[in-house]
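Read from first to last, the chains carry the letters A, B, C, D and E; within each, the first residue is number 1.
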């Protein structure tokens, strides 16, 4: 069973890695952030699988922190997004 | 008992992995950002949810189970809000076709 | 050992980036890559030092944590400096 | 292993009092920052003296084991003769800088807290604490953290005026410094991986002649060279040191660059004393020689005084690196040529710290008085600022190596060692460097002493007291040359004994 | 070929790919996103290296405050990219740098491959004293006891970095507050996130701090998590950014290192001396120091991300 869980973690990582192509290709920065978000979920999933697969419950805490902060980088992105700033919206 | 537990885990985790796969394909293949965003949300919610479901029987007591569900809820919550924010940014930013 | 090789490669990539990239922010990113490689090498050393019922030598692990904090401080300071420099160069003292 | 020795607690205080001062100054803020520094000066100065006295009296290194955790698990702080010498030098220079800077960074009436004064005072003690930690550190990783502390304390001082030019200089400095410490850390990691300890004393007993050691040493040396601004990695230094306020320049040029140099010395003479590779030592010497020539020539060509002084630092750093070819492969008797070269190198570090700090502060006073620092406009300066010009001249003597200055002692010893060891090519460089230094010092003194017909227009008066501080510091550089040889023997002996004792199993 | 080996290989390829992309990619923003992704990957790598404490640190700081700082800078500096493209170094330098970097990497790789066996380790020594300290997590024991001096100096480094950031402010705004929020940017989604997430985050942060004594976790990790929550609330405009001369800010900044230093000095009264703990009281003291440090870390990290003061204290 442990082998299966670790194997599943590998597959998840490999799959979301494909999404990284979006980070490279873009075209918009929003796409890049989406890909990063997907990788975040995949990473959390992989960590949970590893935690169960290696009997190290403490690893779950790493996933917990990642889940908590996954939104954070995206929030920073939206806050500093080049497009809509309050003043721009008012002008249009 | 053990056997049933293993079957549940294998099924749920496999299904979860499949949803991650679907989400990635969507992200890569769909033509416009909003569709891609949609695909991403699916993967986030269902993929992670199913994997958490599959791992619940292995959790470290009740507290461990609560933590697992909590992680899923957190990912749900931030995923949903972030998706909304990105969607707005995309619309306002004029990057959508 | 695999991750040790990755660490070595990160150091090389980071070093290259620090020297070659003209934009200071890119230099800072490259510097962090270099730092990440150094920490990874240390992590591999820690892993190899598994003993006494531990899966890794805790001393290098603790030193890596300290190193990460210091590297973060450096990054924050350097980024603030770069932002200020471009602000002043723009002439707009906003 | 070495347990704490009597007086060891002084080492803790030498580092922790400045740290406490930083916290207190930041907490109280405003005008209290200056008061905290002024209260700390005599106390920390006395501690430095006390440490030196203990080292001298006992003739052995003073050590303190942090928290009672002996290495390799814990961290030891150690003061040998070299540490004591640098502690004393630091105390003298920092005190002079503080007294000099007082009117410049005084609290303003009606302002609760101003930016530049708070930053300056806090960072002054922070740099002091970081330097003390470097002089005393016995663990390579602790030294890494101390080195970063030093960088972060020094960098904001460069761009205290917030102009684009100094910001750019500060950024360049920071990038060089960060790259340097990353390479240093890489070497530290490799050493731990090979020998399982980072304690300098333990490492000395464990190092073997093997690739891991050589790669680590090469990386650490390269990184530290970048931080020390040895030619050809000196490009960041002149704009950074010339752009800072005079008090900060004195700190940066006199002391901060010595921090990373000191670690190179620790690495080569304490960690791997028996394994010093003659080729590597010659290589460092060549870079040092190139720095002497290039730095001096560039100093000669500067139109602005502060840049001239900054380039002179590039040159004087070069002398320090002659230590490596001249003093290496030596655990011999203290009065062998190697021992003499070692003493000369240490005295060069001390006298340059003192003389360069004095020179930068003199340059600062001149700049304040004239409103510019273009050398061409210095005619008649000697009449309006006699004390300052005298101070500049005296510190210049030390840089040139004229008797009876500390610089003369240092250069004479290096010269004697070069001749005595048959490495005459370094002697040529030392002599040439002296001539060039005379050139750039007299380039400033000639117009200053030649009486301009008209009274020089001053845009500000500078207080006698500040002039006196600078002159006193310059005289310290002179006095260093009059100190009898015995303490120099002490310097070399205890540095050696420390290494030898510790490496014994 | 075990599943673990496959996972490690996938991770290795990913890390290398992302790192290469960070260096090679053309736009600044893409490089920054790549860097945030790299932080996440490295956190997983640390788990694979059995260094869960480090993984937590990397996760807490890498995808939190570092991401915020870099993304903010990248979007502000977008316009400066073109300027610097003109300063592209010549091919000679590129080749030279490439050769140098490759040499260094090859040297390190060789050392990794031919590393001494068995590797030296301080693990037995570190474990031997855990009982007398009463701390279950050996990494915490190293950070707070065996090498407490490093941690103390590291906290000073953080403080100096913050002072350095502040020193970049123009003179007339000294003492004022940094600008973090630009008002409601996107119709409240950010505000909603800012309301919902921090309560959860603070609980998680305190939890991470608390388990640090026995399991992976600790002051810096917990502090970094809570700091991210604070920054989130600041970005959402839910909390005002504090003025840097505010009394409580100064007190909070100094509190952690001051407590650490005070306990360390009290050590002179015990046999172990500076930075030692009296027998039997080690654990409560360590927990107390960590709690104080966490508090200061939150404020330092939050203010580091917030940047220099932006408007004068008068406002």
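Just so it is clear, a residue touches a chain if its C-beta (ideal position, glycine included) is under 8 Å from a C-beta of that chain, and two chains touch if they have at least 3 such contacts.
Fair warning: this is a prediction, and the values are worked out from it, not measured in the lab.
Contact with both chain C and chain D is made by E. Common neighbours of chain C and chain E, listed by label, are D. Taking chain E out of the picture, touching joins the other chains into A, B | C, D. More contacting C-beta pairs link the chains of A-E than the other of the two pairs B-E and A-E. When chain centres are defined as mean Cα coordinates, D lies farthest from chain B. Spacing of chain D relative to chain E, judged by their CA centroids, is 31 angstrom. Rounded to a whole number, the gap between the C-alpha centres of chain A and chain B is 10 angstrom.
A straight line joining the Cα centres of chain A and chain D is 48 Å long. Each of residues 4, 33, 35, 61, 64, 68, 70-71, 75, 77-78, 81-82, 84 in chain A touches at least two other chains.
Along chain D, residues 73, 141, 145, 148, 152, 155, 159, 162, 167, 186, 190, 192-193, 196 each make contact with two or more other chains. Shown for chain C are the residues that touch two or more other chains, namely 11, 14, 24, 41, 45, 48-49, 59, 63, 66, 70, 73-74, 77, 81-82, 84. By the definition given earlier, chain contacts exist for A-B, A-E, B-E, C-D, C-E, D-E. Partner chain E is touched in their complex by these residues of chain D: 4, 8-9, 12, 16, 19-20, 22-23, 26-27, 29, 64-69, 72-75, 112-116, 118-119, 122-123, 126, 129, 133, 141-142, 145-146, 148-149, 152-153, 155-156, 159-160, 162, 167, 186, 190, 192-197, 211-212, 215, 219.
Those residues of chain A that touch chain E in the shared complex are 2-4, 6-7, 9-10, 13-14, 17, 20, 23-24, 26, 29, 32-33, 35-36, 39-40, 43, 46-47, 50, 53, 56, 58-59, 61-62, 64-66, 68-73, 75-82, 84-86.
Across the interface of their complex, chain B is touched by residues 1, 4-5, 8, 11-12, 15-16, 18-19, 21-22, 27-28, 30-31, 33-35, 37-38, 41-42, 44-45, 48-49, 52, 57, 60-61, 63-64, 67-68, 70-71, 74-75, 77-78, 81-84, 89 of chain A. Note for the complex: chain E touches chain B at residues 186-187, 189-190, 192-193, 196-197, 200.
Touching chain E in their complex are the following residues of chain B: 74, 77-78, 81-82, 84-85, 88-89, 92.
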